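Labels run A, B and C following the written order; every chain starts at residue 1.
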Amino acid sequence: MTKEKPSLTADKTPSIYPAKTKMQVTLIFFVIIGIYLFSMYWTQREMVGGIGGALGNMYVVIEKFFPPNFAVLPAIWEPMAQTIQMAILATTVSAILTVPLALLSAQNVTTFKPLYYLTRTFLNILRTIPDLVLAVLFVGLFGIGLFPGILALIVFSLGILAKLISETIESVDMNPMEAMRASGGNTLQVIWYALVPQVAPQFASLVLYVFEINIRASVVLGLVGAGGIGLILNQQLGFYNYPNAMAIIILIFVVVIVIEFISNKIREALL
Amino acid sequence: MIEFKDVSLVYPNGTQGLKNINVKINDGEFVVIVGLSGAGKSTFIRSINRLVTPTSGSLLIDNEDILSYHGKNLRKLRTKTGMIFQNYNLVKRSNVLKNVLAGRLGHTGTLRSILNLYKKEDIGLAYESLKRVNIEEKLYNRADELSGGQQQRVSIARVLTQQPNYILADEPVASLDPPTSHQVMTYLKKINKEDNITTIVNLHFIDMAMEYADRIIGMRAGEVVFDGPVSEVSEQTFEEIYGRSIREDDLRGGANKS
Amino acid sequence: MENYSLPPKPKNSLWKKIKTIVITLLVIGLYVWTFTGIDIEWSRVIERALNNFQRVIPKLLSPDWSATSEVALAMLETVFIAFAGSLMAAILAVPIAFLAANNMMGKYLSVIGKWILSAVRAFPDIILAILFVVAVGPNAFAGVLAIAIGSTGMLGKMFSEIIESIDMDIVEAMQANGANRIQILFYAVMPQIIPEFLSYAIYRFEVDIRASSILGIVGAGGIGTMIIFASNNRNWNEMGTILLAIIIVVTIIDFASARIRRKIV
């Protein structure tokens, strides 16, 4: 097949896309590039030596971190264990607290609209606050230690977990629930007999997923004084003891990967 | 005895579900309600156990108007009326015994039922019910391991465990093949005769209605357009109820009695 | 109803029983370990709480409006950090995603790509921020880099899953036409993946807004810097303003992002 040059002049050839779409896409593209360039300018304005100097500096700095000093490992093992324990405890508590909240924010269970919207809004606001901000607040309230850290993890994961579980509840098969109601079961019985068996596996899987999130969050809580390995990391960085800090970072890295691997395997087996 | 007195139901979106229904169903009858889909059969049946609530008229069950019921009264009414659904409505991940025991929920305290502390009699009753529909060997199987016909038999057992005075069946065979359909209908009929339980079944298959019913109620557009014993029903009656001539898919077929 | 007895339950296999016992013991062990390891000085916590609640809570609830402009500026910087970081990540993630998708560049490269992505994901954002603060100094650009790298891990994974789910028949049809690899990329692959790529990139921007609002805690710019100052100075009125700013901005961006994403896909 030979290609004939269209005999029409260029402005008369039909375009693949309508002109309006083309305009819109071009406009959005330039707006995004514009914001991007401005963001880059803004974020770099306080940087000494500009981006070239900084990136050149990076190599020198990274060299300071190496080789990591693994001799500190025995000393940091205990705070690491404590970090994991914080995550376990927080996940357990929020898994329990999430049950009533998830039920209240599931449209097919809570048919009383104002209550449903109230719980939804509460959870939405809860989810806007980052974990470390919660930790800062709780440290302010309860003083430095494990307790504010655990509390921050509980509140933080509660928002995520309740939302995910309420979505699972909203997607269940409603037929058995109707059958239970037709045979005279009360609300609690209907939930226990028709709903719980349907959501139990997903519930377990989502709790594990949130546990993974909590592990990541718990390793950094110490940066603001809320217990765990992050506290030691912060100290070492404060003393400019970079090889020690690197050893801690590598330990965190390994622990996160191992726990995620195990959790993934369990979740695959569950579903 | 169930008595509809001038019962109407308008859904919130304005659809008229039932229109001035006046029907009296005596104890021990086996009534089949026929009509096209959307004729109001389901609404009729669901009014009896108040899964839907009529908007006017009065509905008497054992001489009590149930339309004012709520809370405890309502649950008590529902324990008296067992219901069988088109899609069996079993909890798929629970085992057969647990599904059947769910029929006792209305008779069991909340705490007891949540801790699985059923009375020995209840468990015995559940097993007995499973035996009556010949599926006792699947006792510990998960519901989703059973075929459609088996699941519907389990749901009949669930209703039996409830020891109801009335059984409501909403298109119980619509998802089943012809031989299984006849099997399920035969069980329903047998239970109706042996236990003298008033049974109301929605069907859209003409031949099945004729074979199993004592009495047929025909519905169209929310109204009762025919009500009489099966002996008075002819093909022409159905044509009147359906408002069109009878077609192949109005028949289930496979009427070799099992 | 004289028969109250049930037939015996079918016996579970020995293997299954052992498995149940082992799992139960493991879970119990884990909790024993947890509860023995965590010791909270309850008396101190309660004492602190009693002292602090009255001092902190009312102040949090009466934000310091005089700090509004300063907070707004810091929040804007947070949005800039998140925006620049997300966009960088969205671009960086594309080639890595093609590498990691098992229907594009071959098996071995796919495995390597997936390993790189999960390694990157294992670093919490804030740890990356610490590293970049040391490298490029305590400023907002360190935050941009931390967000960019952190998001690349997640976006790369999402993108590669999208690429793996495309309809390969169209690719085959193009090959049959005699199109070359680049042409196939632009005509068969891109149209299928672009809407979902955009959708995930925008979603990631939502996540990054939250992430970048805490980077200042380690010196990487944005509103987090103010959080640390306010907390060190026990200036809870200002903390109230900051919290309010975060809640409002995050809510608006979540809402806008959800609408845009619904439009795209």
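The rule is short, and it goes like this: a contact is a pair of C-beta atoms (placed from the backbone, for glycine too) under 8 Å apart; a residue touches a chain by one contact, two chains touch by 3 or more.
According to UniProt, the chain labels map to these proteins: B = Phosphonate ABC transporter ATP-binding protein; C = Phosphonate ABC transporter, permease protein PhnE.
What you see is a predicted model, and the numbers here were worked out from it, not measured in a lab.
Visitor: Once the contact rule is applied, which chains count as partners of both chain A and chain C?
Guide: Where chain A and chain C share a partner, that partner set is B.
Visitor: Please give the pair of chains with the highest number of C-beta contact pairs.
Guide: Top-ranked chain pair by contact count is A-C.
Visitor: As a quick test, compute the distance in whole Å between the mean CA positions of chain A and chain C.
Guide: Those two chain centres are 4 Å apart.
Visitor: If you average the CA atoms of chain A and of chain B, how many Å lie between those two points?
Guide: 48
Visitor: I'd like to verify one number: the distance from the centre of chain B to the centre of chain C, where each centre is the average of its C-alpha atoms, in whole angstrom.
Guide: Distance between chain centres: 51 Å.
Visitor: Can you pull out the residues of chain A that are in contact with at least two other chains?
Guide: Touching at least two other chains: none.
Visitor: Under the touch definition given earlier, write down the residues of chain A that touch chain B in their complex.
Guide: Spelled out, the residues of chain A in touch with chain B are 173, 175-176, 178-186, 188-189, 192-194, 197-198, 200-201.
Visitor: Which stretch or stretches of chain A touch chain C in the complex?
Guide: Residues 32, 35-36, 38-40, 42-44, 46-48, 51, 54-55, 57-58, 61-62, 64-65, 81-82, 85-86, 88-89, 92, 124-125, 128-133, 136-137, 139-143, 145-147, 150, 216-217, 219-220, 223-224, 233, 237, 242, 245, 249, 252-253, 256-257, 260 of chain A touch chain C in their complex.
Visitor: Report the residues of chain B in contact with chain A in the complex, numbered from low to high.
Guide: The touching residues are 49, 51, 75-79, 81-83, 85, 87-94, 98, 102-103, 105-108, 110, 113-114, 155, 158-159, 162, 168.
Visitor: Within the complex, which stretch of chain C touches chain A?
Guide: Listed in rising order, the residues of chain C that touch chain A are 30-31, 33-35, 37-41, 44-45, 48-49, 52-53, 56, 60, 77, 80-81, 83-84, 87, 118-119, 122-124, 126-127, 130-131, 134-137, 139-141, 143-144, 210-211, 213-214, 217-218, 221, 224, 227-228, 231, 234, 236, 239, 243, 246-247, 250-251, 254.
Visitor: Quick one: which bits of chain B touch chain C in the complex? Just the residue numbers, please.
Guide: The contact residues of chain B facing chain C are 97, 120-121, 123-125, 127-128, 136, 139-140.
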